[in-house]
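Comments concern the structure below.
Each chain carries a letter (A, B, C and D) given by its place in the written order, and its residues are counted from 1.
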Amino acid sequence: MSSHTGKFGEYGGQYVPEALMPAIEELEDAYERYVLDNEDGFMNEFRQRLADFGGRPTPLQYADRLSERYDTDVYLKREDLLHGGAHKLNNALGQVLLAKYMGKDRIIAETGAGQHGTATAMACAHLGMPCEVYMGRRDINRQRPNVFRMRLNGAEVTPVTVGRGTLKEAISETMRDWAENVEHTHYVIGSVVGPHPFPAMVRDFQRVISEEAREQMRDRAGCLPDSVLTCAGGGSNTMGLFAEFIDDEEVDLYAVEAGGSSLAVDAEEGVAPNSATLSTGTDGVLHGSRTRVLQDYDGQIMESHSVSAGLDYAGVGPELADLVDRGRVTAVNVDDDNALEGFHRLSQLEGIIPALESAHALSYIENNRDELGDVILLNISGRGDKDLETVLEETHGRDIENAPDIETFGATGGFQ
Amino acid sequence: MSSIAEAFADGPAFVPYLAAGDPDYESSLTYVEALERGGADVIELGLPFSEPIAEGPTIQSAIVRALEAGMTPTRYFEFVADLDVDVPLVCMTYYNLIAQFGDDGERGPEAFVRRAAETGIDGFVVPDLPAEEAGPLREACDEYGCELVFIIAPTTRGERLERIMSQVSGYVYVQARLGTTGARTALSDRTAESLERITDWDVPKAVGFGISTGDHAQRVIEAGADGVIVGSALVDIVAQGVERGDPAVTVADRLEGKARELTEGALRGMPAADGGPHPERT
Amino acid sequence: MSSHTGKFGEYGGQYVPEALMPAIEELEDAYERYVLDNEDGFMNEFRQRLADFGGRPTPLQYADRLSERYDTDVYLKREDLLHGGAHKLNNALGQVLLAKYMGKDRIIAETGAGQHGTATAMACAHLGMPCEVYMGRRDINRQRPNVFRMRLNGAEVTPVTVGRGTLKEAISETMRDWAENVEHTHYVIGSVVGPHPFPAMVRDFQRVISEEAREQMRDRAGCLPDSVLTCAGGGSNTMGLFAEFIDDEEVDLYAVEAGGSSLAVDAEEGVAPNSATLSTGTDGVLHGSRTRVLQDYDGQIMESHSVSAGLDYAGVGPELADLVDRGRVTAVNVDDDNALEGFHRLSQLEGIIPALESAHALSYIENNRDELGDVILLNISGRGDKDLETVLEETHGRDIENAPDIETFGATGGFQ
Amino acid sequence: MSSIAEAFADGPAFVPYLAAGDPDYESSLTYVEALERGGADVIELGLPFSEPIAEGPTIQSAIVRALEAGMTPTRYFEFVADLDVDVPLVCMTYYNLIAQFGDDGERGPEAFVRRAAETGIDGFVVPDLPAEEAGPLREACDEYGCELVFIIAPTTRGERLERIMSQVSGYVYVQARLGTTGARTALSDRTAESLERITDWDVPKAVGFGISTGDHAQRVIEAGADGVIVGSALVDIVAQGVERGDPAVTVADRLEGKARELTEGALRGMPAADGGPHPERT
């Protein structure tokens, strides 16, 4: 797979309005010079800032109690400890720094759950760049703390009211802004999606996850893992975690998508009650690249669904789609109920409240322990503080095996 | 000479846009027909896609209305067949609808273009399809005798210009300013500059993005364009009708009036026979 | 200063009910054996878990934009990146692990803002210990996300309704529980307060902050800082940050307390509108040790106040009180308004949303730049996610110079 | 022989506790006096401190009520002076109030004990003052002829027991169970065991924590105690009165009745003259 052509098998490419093409070519050039060839020491500065500002390296933790439960060795890569609370900063910091090297003087970004938006706002504050974040009106209402964090970091947050008002509309809107202000503005896309060079570039900024994890596994376990698991929305933490293991043929790679409430798709209504693009999607063109997408028979993009806002996207990174087609990565999925169970399990057994996204991957082990071998590497892509409200609402009224009794979280009495 | 080439042959062309099926199938038919009465030389007829990344808020909303009223690619072709207009039609849509289109067990550009050509479409504009990725669609167009219009932006230069020039047919859509579609009160002064870069192209140059008055149209033609493309200013009239609950005939009349204003503006901009801004075309 | 006697000058001691004395002696013994003498490799396990589970070392970051603003070199010690979001885990993990080594099978803790409670709940989940956290009813209502986090980690949260229902009442209540269940229960106190050996032991668990920071300063700046600043509530992050610098006589140490709304004290009403114990308090006995306290003329403990819940305490660690008396540490304070300004400033200039506690220390630089020398080390003791609601409320209606316009955070429109 | 020693001299002593000023100054005076009528041999009179870490919820609430009604150390001494009782009084409070007490330009234990002794206090119990820190208070007590009572807990053993023995005077307060003060329905069976550890001490042994009925009192004395200390069971009556809005006389009558029940229970537990559980005291 050569990222230079912008194609991953059948996937990838640059399906964008002409107005953006020159900027994309400029970005391609900058990506090659600064990221791939480390011109002007770009990558050194990036690595240094990731360490000092971001808190890298993040630890690899042996999970005592999970290992005991599954009678296997479970190692957790702790991206939840990165500044901002998720792996998103790796990419945001890389792109904002790159924009600076390119002489751009304004940053725009889209955000769904708000994690990418907050990471971008943080990176912009850190590097002194003005920042505007597009966010669906509905997501704004669901994710107020993240909206507030972006505002605190000095970013503007612009509501997108078209359509359902979620991530897919926000991406479209950001592309429109970019088309208008392309000469001095850089668009920091939030995952390994979009037109080339984004999928390759975002992967390369996230690659640090597997560079560290592979080394840490060797140091700590003395071997490579039998299987490597993580969640996949757009797939940036996924590609970041897989990148350095791809050539280790003996290591099984699992991309865990959101099974939502059901894998069935209502093409009539244009609604997929899941975000399991790799399992249930078909080839299409979305947001600038050819990839797997959730679409109806005509090619209209469907509304996806997941209890976890960060996985709730109708597309997926083209490289990941190709790796699945080629059989190198196994695409699996975990539904909302099981994700919530995974969330509560990690919180109680290990004292780590994971992002709902990450909880999907964790939960996959619970029901598929046997196929995963003796040494498992699991990425905790983010922390769950952003999800407290959602978990409270979604746990209530479901029969989640190991949830604490949160009905007593009401206005009176104790919380026994 | 293709029908589109003919449309540009004598005098400046007026190329209006509407989204098919906005706000409903029946009204939309009458609206498109009104454009012809108003002087349209070519009509760009939008096939609505759920993620119209090149459109501003006006056309986005039109697309949402059309989709909600049940527009699909299949209905679109029925719509084209039902239309009673004589001017050439250009289908404006996004690539995923073309790539997914299924007909007779086949899928993709060829199936799409075949059906479109059969139905009476003369050309295509696909804003998210750059020249680099246009191979399959270009081939299908050649096979079925359709034109493939490309957009050039104010930022398009050098190699990219040449790549587009080698692929474009019918006319070149000159984007008057950066950004997405949408009516403006002031006209971009980048138009003349953009046109200069392509004076030697052998396709007609139609300028769009932000043109909303006869006066704009006149100035665009004076700047050297062979045609004016107008979308949002017309869609605004449709939107206004929906908002106020006006009967379709009233809206159609307004569209016809606006079209006439634009046609006439364009004509005013035409160079005198003794030469002028378009010396190469006397 | 010898911590072995439990006295720091005039301060310290063990003023607790007789029922607790045997447990305290047992703890003293365990502290000496495991912590000071590393028996059974206790400290090695502690350090390892702090690294893998906690994310240590935390970075030392050169703050570009603050340094520019103050024309000086400002280095930030990033305790906000520790698991849980504050330095509190250093202590909680140490004590819960110690309790395990001591054969205790139940953990209790008090919490005010909820940071110590969440840290303890996390450590307990991690180490498989049952945990009960006492928290004032009023604090429970102010800090719901932290309450929920504790519950998610499997801890019980017990409301304390006596008095004003804040930290001081919660500490008293936890002592009562301890007095009843002392034989098998360990009380994880949340700061360098309480009877000996707590002040010395908590300091030693927090000492890792200055061990790292001193080394990192040498590596990064090539010198020791001219001044070292951090906030002081009970003083645990303070003592942790100062510990290794105390013998460096040329390094000035600043403990920044909460000036609240005023330094004046209404002894009549028994209310101090601040928590500046070191500046405005007098010698007294509170929660098991002799120290500086906010009290009225009779010796009744006053209600303290600060915009930052974690600083809102009427006492302070005895060792810190002694260091101030001896002139080794300078006690200063920053009021609510300036703390809010510091909060917004760091958020906007560096892309770090600090805890309101930490914002106090930051703000001290703003108005006292000249006395601080050319190289400043500042501890960011925690992140501000827990404070979003408070900041929103408290910023509203005040004239905070650099706050973003958060009135538009309402239900409609954008957030420009 | 001190007045406290005398109180324990003939037969088992009943030692009730109330917080001074609960729920208000005047009522509280009548309540304390009612205890004497009910048979109190010594009265523990609480001086309320804002952080009563050794008290359970019942006494905590009493302290809050008294503080809110304006009780202070100075008012406390006025209260003691106003009291019309003949039995010895023991001041129960926390160390900070003693350390901060100011009188005649002096501060601390000596000033406090001097004033207390002048006013009619015979001894002190300070639950947060362990023997290790008691030096200054012990000296002041010696100087002014007051007793310093210490508490021993079920967990107190070895060296600690000896340290306390060397400092205690008046009586030793034997804590019947772990935890804080509070009435219980069942009595701890650790009492006998606790008493055994200190049979050779030459001060009377009074057992407290959780005693709420005459029956409890009897069994405590049977187990070898020289006195019973009862607090929460009496404070409960005050609290109930506040809650129901009962007149002070009614509450005082109830307190007197409860005191009598406890006094009589204690008497019933006294060993017969022919020896029994208290051979050393026949």
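We take it that a residue touches a chain if its C-beta (ideal position, glycine included) is under 8 Å from a C-beta of that chain, and two chains touch if they have at least 3 such contacts.
Quick caveat: nothing in here was measured; it's all calculated off a predicted structure.
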| task | Tell me, please, which chain's centre (mean of its C-alpha atoms) is farthest from the centre of chain A? | result | D
| said: From the mean C-alpha coordinate of chain A to that of chain D, what's the distance rounded to whole Å? | reply: 66
| Gap in Å, rounded to a whole number, between the CA centres of chain D and chain B | 97
| said: Taking the mean of the CA coordinates per chain, how far is chain C from chain D in Å? | reply: 38
| Residue numbers in chain D touching 2 or more other chains? | none
| message | Touching at least two other chains at once: which residues of chain C meet that condition? | response | none
| task | Select the category (line, ring, star, complete, other) that matches the graph of chains linked by touching. | result | line
| query | Could you list each pair of chains that touch, in label order? | reply | A-B, A-C, C-D
| remark: Interface with chain C, chain A side, in the complex: residues 51-55, 58-62, 64-65, 78, 80-83, 85, 121-128, 144-145, 147-149, 151-154, 156-159, 344, 347-353, 384-385, 388, 391-392, 404, 406, 409, 413-416
| field | Residues of chain A touching chain B in the complex | value | 13-19, 21-23, 25, 162-163, 168, 172, 175-176, 179-183, 270, 283-288, 290, 293, 295, 297-301
| remark: The answer for chain B against chain A in the complex is residues 49-57, 60-61, 64, 67, 72-74, 94-102, 127-130, 132-133, 150-157, 160, 164, 175, 178-180
